[in-house]
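Shared between the two complexes below is chain A, which has chain B as its partner in the first and chain C in the second.
== the complex of A and B ==
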């Protein structure tokens, strides 16, 4: 019981610290604008790409509203992936190299794993706001076809939570690895995020890949997350052959859940292993300077 | 040769040197800086292919993806550079050195252009090999357009560098904020004219907007009608920007340095 209380206290304090560090560099209004401008702009790139292709003055292709919904919904939920993967990585790198406070936090009588996960909660909050705004903008301004039935809300929330746990676990894995890397290795987590962007069926069906590409896609749990989210939020996208279409939703959920459990376990052991190695090498508070 | 001129030329070379050497010495950077744009290019190419867009669009994506190397370099290694230097304690050394601060920024630009050119060339090569866009033509006009775009772009980066000098953590966030929104308004992956004339015209203050638009017109003549202005006019505007930005950079640098000295924040770290 005492341990749970201590973890809860760590969780609350670290989440608050994370929120302050993310947001107190400017006025709340500017911070809100900053938080939503980037993802909205990334979404607008896709919107313009679509618009240019169907516009008679440019590409002149037939409208494909289902494909538009497919890429819009995928891109909206990808905000969680980009924000959380980069955010968790930045916790360790930022504390170590930037603020140089990692040694103080590390020797505090708390679980450092819980501390890192709690700091990720801040990213989750910021990403959630951006995702909601992106989806609302899509539905009300761009006419994206999203139809969430009331009876599907529990299923949607279940899928969302499982996926977010999985994304956090991936972030923790990268964060753990960052214990051992110099600060200029930020390309590593950006590359992982980029690989997910490309291979997880975020913007286009994975059936467009050759067989080896589809194999990679199917090996990443997030592919099933995006597919499951679309089935609930935009069921008409099932008309697009993704090569996952024939998988029953129940089985899809089972794959998503089991792979997420594996990811969480892997994240714990990778984090602890990297932590152990970093201590052995004496690099917990290293400063790589460039 | 005049001693001041010689000193400043040496300062330019001296500041460019670590960038040139550094860009070749750290293999992980080369790998990531080539891989990341290729991943984005691949995703956008697949979208266009899923939407059955004409092949020119694949070319737009490869070109835009390659030019992100220069934009990111201007943001993170020009605009934010003096701020980084302040954080790691180099800025006071630069301030004490008997050279013009413009030479320092000039050296950063020369080194940055070298490194980014390697990354951009690799991205184009990989993009063309992987995705086989439409047949390309290489008119000579492409060379002045490209060079003037880079001068204007890095001139703007020099101007931003002095503004960033005043900022603390805002610098990081500002640089981050100017990625996707600028990719959008500058039409990195689609003809900028599609944003509407006035939006595209406003975005033209960012040199890469007109640079990309001209390059698209020259490389893909079949869709030259999608350009914002004729290439000659765009070149003229770019030349004006290439003159104005370095001058503004010089003025801004002097003012910001003075202001930072008076506020006592010139070497203040961890804000």
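== the complex of A and C ==
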């Protein structure tokens, strides 16, 4: 019980710090520009690419609209993935190299795991704002077809939370590994993010892959997350064959939930192991940027 | 006896990646793969003691502090802090310690000095109100009160260092590790810190300080006991008084001369316990310190210098200091 209280206080303090770091560093106006306009700008690039590259050669008007909704929704939720895969990595590397506070935080009587997760949580909140804005922009300006039935809201939130926990766990794994590596090693995170972007059905249905590609897709839990999100949020896109259609939603949820539990467990042990190795190698407060 | 800190045959080896060029060469002392930072260290720091680790650059002082503050694991041997093993029971140690490093200017630049130290106090479960009061008191002590509400990025290096001291003491630790706390601070600030640390230990019976320094004077005036450490080995460990006694019967001769080509002749003179030399780059003169057991050696030393046709600029015989203890043990000057 005392331990839970401690973790709770760590969580609050670290989240407070995270919030100060993310929101305080510029004026509110710049903060708004950064967190609102940036995702929209990124989306506009995608929209443009779609119009120029894909649009002319592809089916009729209605089909076009559905395909566009498909990739738009996928892309909006991918903001979470991009944010969380790098979030914990950034916290650790920032504390280590830039603020050089890592040794002071590390020797405090707290769970360092709770600390980094809490720091990353504030980044998650900011990512949520970006996702909501991107979706609203899509619906009201670009005519993206989103229809969330009121009765589906609990299901949607469940899917959302399970997926976010899973993505965060992957972020913890990558962050833990970065404990042992230097700052410039973010290539690993970028590759993972790239693989997910390509294979998880973010922009196009995985049925467009040859068999081996689909095999990779099905091995990554995120694929099921995007599928589940689209089923509740943009049912129209179900017309596009994703090759996952035959999996019913209940099974989909089960796959999501169990893979997330596994990911959380793995992340905990990877983080503990990396922490131990880093302490043995003496690299916890290593500074590489001279 | 409960020791605040105890180490038993403590060793720490760092593996070093050798560059490609070095790998082709024969391994020598400089490019070997392993650096032995601590070599069989046995120390015992009593509760309530102000204990000093004195040693030159690279002696292993920071490494020892890192192990004791649970930032680094030993390679071999064991260490206990507040009775808990550093490799096994980190949580209970962390509850009782804090650590400040003089060279550090760490912190979150966007937060104010006060927010920075407050945040750390929360990790130690200090009630927020208490923490704020303590912070203000400590900021006053270290002369940072006026700047406590400034963003940390606007503070100077020395001011950040003082903020580090506030961070260390705000959690009211039982044991605090101070790694060269006055490094780079001006004379006045250094004095304030030394005074504060000394008072803190004296006023609280059970508070322990382990401090590293390479300033002799600091160790001599501040510490109850001092361990002299060089190349990872503890050479002696005693009160400054007793350490000085070991060289009391001998005397110290300080010479300032034009540099010699060859200093090895001094080694053959009987009656010299040890000596150190360094060249002062400003005057380009050689500064020699001899620890002498037999007064007859003095004339031999002088004849070596004059025999080379060199001038003697200054010659002094002095009372032994801790520095002389170091010279007699290591054959090198500390600074």
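In this text, the second predicted complex is superposed on the first by the 278 of 290 C-alpha atoms of A that agree within 3 Å, B and C clash if a C-alpha of one lies under 4 Å from a C-alpha of the other, contacts with A are read in each partner's own complex, and residues count from 1 in each chain.
FYI, contacts are C-beta pairs under 8 Å (C-beta built on N, C-alpha and C of every residue); 3 or more make two chains touch, one makes a residue touch a chain.
Since we're looking at a predicted model, the values are computed, not measured.
**Student:** Putting chain B and chain C on the same copy of chain A, do they fit or clash?
**Tutor:** They fit side by side.
**Student:** Tell me which partner A:19 touches in the superposition: chain B (first), chain C (second), both or neither.
**Tutor:** neither
**Student:** Count the residues of chain A touched by chain B and by chain C, then name the partner with the higher count.
**Tutor:** Looking at chain B versus chain C, the one contacting more residues of chain A is B.
**Student:** So, does A:99 touch the first partner chain B, the second partner chain C, both, or neither?
**Tutor:** both
**Student:** In the superposed arrangement, does A:268 touch chain B (first), chain C (second), both or neither?
**Tutor:** Neither partner.
**Student:** Contact-wise, after the overlay, does A:9 reach chain B, chain C, both or neither (first, second, both, neither)?
**Tutor:** In the superposed model, A:9 contacts chain C only, not chain B.
**Student:** Considering only the touch criterion stated at the top, classify A:204 as touching first (chain B), second (chain C), both, or neither.
**Tutor:** In the superposition, A:204 touches chain B alone.
**Student:** So, A:282: does it touch chain B (first), chain C (second), both, or neither?
**Tutor:** The second partner, chain C, only.
**Student:** Looking at A:110, would you say it contacts chain B, chain C, both, or neither? Reply first, second, both or neither.
**Tutor:** second
**Student:** Examine A:156 and indicate which partner it touches, taking first as chain B and second as chain C; both and neither are also allowed.
**Tutor:** Neither partner.
**Student:** Put chain A at the vertex: what angle do the Cα centres of chain B and chain C make there, to the nearest 10 degrees?
**Tutor:** 80
**Student:** Quick check on the superposed model: minimum Cα to Cα separation from chain B to chain C, whole Å please.
**Tutor:** 5
**Student:** Which chain A residues are contacted by chain C in one complex and by chain B in the other?
**Tutor:** 25, 99
**Student:** Help me check something: in the complex, which residues belonging to chain C touch chain A?
**Tutor:** Listed in rising order, the residues of chain C that touch chain A are 14-15, 66, 69-73, 91, 94-95, 97-99, 101, 104-111, 115, 119-120, 122-125, 167.
**Student:** Write out the stretch or stretches of chain A touching chain C in their complex.
**Tutor:** The contact residues of chain A facing chain C are 6, 9-10, 12-13, 16-17, 20-21, 24-25, 99-101, 103-110, 279-282, 284-285.
**Student:** Give every residue of chain A touching chain B within the complex, in rising order.
**Tutor:** Those in contact with chain B are residues 25-26, 34, 37-39, 41-42, 44-46, 48-55, 58-59, 61, 64, 67, 71, 98-99, 184-185, 187-188, 190-191, 194-195, 197-198, 202-205, 208, 289-290.
**Student:** Okay, in this complex, where on chain B does chain A touch?
**Tutor:** Residue list for chain B touching chain A: 26, 28-29, 31-33, 35-36, 39-40, 42-44, 46-54, 57, 87-88, 168-170, 173, 176-177, 179-181, 183-184, 187-191, 194-195, 226, 270.
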